[in-house]
Amino acid sequence: MTTATSRRERLHTVIFQTDTPAGRRFDQTLLVVILLSLLVTIIDSIQSIHRDYATFLAWIEWGFTLVFAVEYLLRLYCSPRPLKYAFSFYGLVDLLAIVPGVLAIYYSDAQYLLIVRIIRMLRIFRVLKLGTYLRQAHYLLAALQGSKQKIIVFLVSVSTLVTVFGTLMYVIEGPQNGFTSIPKGIYWAIVTLTTVGFGDIVPKTPLGQMVSSVVMIIGYSIIAVPTGIFTAELANAMRGEQLKHDCPVCAKKHHEHGAAFCSRCGNALFAKQNDSA
Amino acid sequence: MTTATSRRERLHTVIFQTDTPAGRRFDQTLLVVILLSLLVTIIDSIQSIHRDYATFLAWIEWGFTLVFAVEYLLRLYCSPRPLKYAFSFYGLVDLLAIVPGVLAIYYSDAQYLLIVRIIRMLRIFRVLKLGTYLRQAHYLLAALQGSKQKIIVFLVSVSTLVTVFGTLMYVIEGPQNGFTSIPKGIYWAIVTLTTVGFGDIVPKTPLGQMVSSVVMIIGYSIIAVPTGIFTAELANAMRGEQLKHDCPVCAKKHHEHGAAFCSRCGNALFAKQNDSA
Amino acid sequence: MTTATSRRERLHTVIFQTDTPAGRRFDQTLLVVILLSLLVTIIDSIQSIHRDYATFLAWIEWGFTLVFAVEYLLRLYCSPRPLKYAFSFYGLVDLLAIVPGVLAIYYSDAQYLLIVRIIRMLRIFRVLKLGTYLRQAHYLLAALQGSKQKIIVFLVSVSTLVTVFGTLMYVIEGPQNGFTSIPKGIYWAIVTLTTVGFGDIVPKTPLGQMVSSVVMIIGYSIIAVPTGIFTAELANAMRGEQLKHDCPVCAKKHHEHGAAFCSRCGNALFAKQNDSA
Amino acid sequence: MTTATSRRERLHTVIFQTDTPAGRRFDQTLLVVILLSLLVTIIDSIQSIHRDYATFLAWIEWGFTLVFAVEYLLRLYCSPRPLKYAFSFYGLVDLLAIVPGVLAIYYSDAQYLLIVRIIRMLRIFRVLKLGTYLRQAHYLLAALQGSKQKIIVFLVSVSTLVTVFGTLMYVIEGPQNGFTSIPKGIYWAIVTLTTVGFGDIVPKTPLGQMVSSVVMIIGYSIIAVPTGIFTAELANAMRGEQLKHDCPVCAKKHHEHGAAFCSRCGNALFAKQNDSA
């Protein structure tokens, strides 16, 4: 084992893993750097600041781009299979964090590339060890899985409601009251049904206000449906009734995960083959 | 069995049923066509597009009307009882999808007929095989059934609140602050209670703002009521309520979910198989 | 038994009770008349209608006042203890439904008396036989009772939050941005925390917008608290775990309403005194 | 025991404790005084009142400052360890309630010190004996504890969503439509996601309105997540989770809520007393 190889391995542990103190410290530092770079991007978008500190902030952004570039090269260097990393999701995101900074030299209108930078924030999840969190919170996912079909029914119903009411309001109110087209009517229906209520487009005719009232009361009531579905599924998942097997004697449907006997009638849940032999 | 009859039967299977591959493909294609026709109607309502492409879009809409007309005639042709289909709900909806297109030739002001077209979107439910979904989601319906009476009490209370507060605000704020009539006050009360809050009519007097605060806090709090009702009912429906099993000794019919012994006579509800062996 | 007495008794059955067909019909008719009188009051507040039909609507309102007056006198006549009825809640409400109509002759500015009329709408509850509904929905009341203390804690917290944030925003934004006083700031905080968001007063300084964001996220999150409290209590009430008595053997806490033996271990919940004697 | 000492002790009981009638009365009086002083501060911020009654209100505020100062000195006097009280949380809050009033003599611009006064409102919790309430409502805290990790995942997701959508809207809409910077975009995203919807900044381009619709529907749907988490945890805390009882045969510790038999070895968890007799 040469020194170069062992150095690469040690670097790999630090950069890619989070279970050593050095690895944890590296990831935490990286998180801070990413947050700072995001902050600079956000602050740079404020006009009064951009006017006064544009050059200064450009230099800082350049610094961040350099740091991320070095980090990217190190990751390529210490990765056992560099190509696999380069084309993995995180590899591409890491590359995307550098490219806009480089492009900004040639094209000053880098405004639209800012959005690419923000994807880096996904790394927060890696640093926060969301894996551990999600393992703890697998109930959340189980609840979402269990309620998938019910939620599709709900979303289709909402889409239909929104299209129907959007068209209805376009016909009732018309362009002179701000409902200039059916898409605008649908936009208004979504704003109203979700109880956001911007107030940029409002019904002005009495009939339009009556239809709006119906939309609002529907929106206010059906918020109970996703909440109810999700809560009931989550409660179900948390109760941990995972073994679905009818007890042959008392027909109890759900049992503890590792149950061998029914907790209600005490009978064996599964016939023992050896006995019958 | 003549060739014509068997062709009609095969056509019937394709058009009316969804359990053969051909039938599935037909329904999926139809869904896409309906969605496209809806999209054209929606896009045509945008003034800038209507100005430039009115003739082009009119031709496309004509095409869709033709397609739907052919489909309608085919359905009549291959239906075993054409009249029953023609006067069924879906039969009337299918007819309504054609009529406005035909009428639009004579009356250019077909704007108000657009809304009829939208009913076709209900077919989405048929194509999505909502039947299967609803069978899966029969818990949702059971929960709604169980909470029907509680929801009526809730809606009556909301209506009363809205009328009382709408009148109160009309008296307090008066026409000079936008509350031009009691119906307008009721409209405002609905906008506020459902937490939509458009902001087209807002209280301006201190007393009006105090009353508004009460309305808002009531609206914010009572959203818990429908959610609570629905969730509790849904959880109940999903758990399967009570254990229905006659006690072998005292014949008590209903027991707690996890009951092993009868709560009336204390005898075991289920014989333990192992003991008898 | 004279004819007059029996006529009074029959009248009493019709007017005060709802368990005979005639009584039901009387109450349903009364409901329609009250709704119509409310509708007239509401419609009369619309200026364009008031301008054209003021005299006509005044006559109709006079008619309703007359009908209610006759009904009131009949109630007094057939009541076994007229004074007790006259000073009961419904008796006073019935009187209040007549008084404003009479007063309107002398004072044309009866606008502020409209609100008294609306109390009559409470009669809807009597006609709807809410009693029956409420008996069915006693779960709702049990849930509210059980969550009373938790809800007080919640409301005190919300009041504190609203006062603190209202003052904070008054200090930050100041009168030049619409926050003219602390009460106005509190009004704004209620509008924001309840997610109503009228938009009549909005933060304009960056610091104010940051504080607003905190208020909004708090408001969005704590809506879970009353919902959670109410749902959990309702689910509890619906499960009907009403007998709270620790089983002497297995310490099971909640039992069916009429339980004599524990459904988990089958032991008697209460020692039988006779046996020990 | 000298008279002074016993007087101090009696004073201590009255001022610091709430379990004697005198102590209760003292705390209730103090609550009223604090509320009145808050009310004066709030009312004084209304310009029309400040103009006319500034001197009068200043005198009243002076009176309150005096009362609180006397109370503070009494607390110091009767406290067994005055320094410990002086540096405790409540001791500092009590001091802070006096300082701004004193400072207001020298600096008329005491506007920014008003906010310090409001901290006194925390004393409401002490007077309300929140301790008793919280002991009753320990379920609420257990539910919050149990859902801590899930809520962190939720808040991180919301923050990410808000940053991404805020930047996206800044890029799409641009400064000409009110989205003058990314922070403003994030502020808009929070206003929209929480369904507050002030309407001070609204999307004007079709693409912006489409993205807004997505934000609104997300905001409307994910309100189910905190509600579901909290409700399920609260229901869990109120039901008392699992049965903790060692199986007499195999020593399995935790069992289903209603378990009568061990799900691992099938033996009865509780001996039946009647049988042994």
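A few points about this structure:
All chains are identified by letter, namely A, B, C and D, in their written order; residue positions are counted from 1 within each chain.
Going forward, contacts are C-beta pairs under 8 Å (C-beta built on N, C-alpha and C of every residue); 3 or more make two chains touch, one makes a residue touch a chain.
In this text, all values refer to a predicted model and were calculated from it rather than measured experimentally.
Interface matching across B-C, B-D or A-C places the copy of C-D, with more than half of contact pairs shared by residue number, at B-C.
Of the two interfaces, A-B and B-D, the higher number of touching C-beta pairs belongs to A-B. Chain A and chain B have centres, each the mean of its CA atoms, that are 28 Å apart. Distance between chain centres (mean CA atoms), chain B to chain D: 39 Å.
Shared interface positions of chain D, i.e. residues touching 2 or more other chains, are given as 183, 186, 195-199, 223, 227, 229, 231, 233, 235, 256, 258-261, 266, 268, 274. Taken chain by chain, the contacts link every pair, so each chain touches all the others.
Listed in rising order, the residues of chain D touching chain B in the complex are 195-199, 227, 231, 256-261, 266, 274. Taken together, the chain B residues at the contact with chain C in this complex read 149-150, 152-153, 156, 160, 163-164, 167-168, 170-171, 175, 180-183, 186, 192, 195-199, 202, 206, 209-210, 212-213, 216-217, 219-221, 223-225, 227-229, 231-233, 235-236, 255-256, 258-268.
Residues 38, 41-43, 45-47, 111-112, 114-115, 118, 121-122, 124-125, 128, 130, 133-134, 136-137, 139-140, 143, 158, 183-184, 186-187, 190-191, 193-200, 223, 226-227, 229-231, 233-235, 238-240, 245, 258-260, 268-274 of chain D are the ones that touch chain C when the two sit in their complex.
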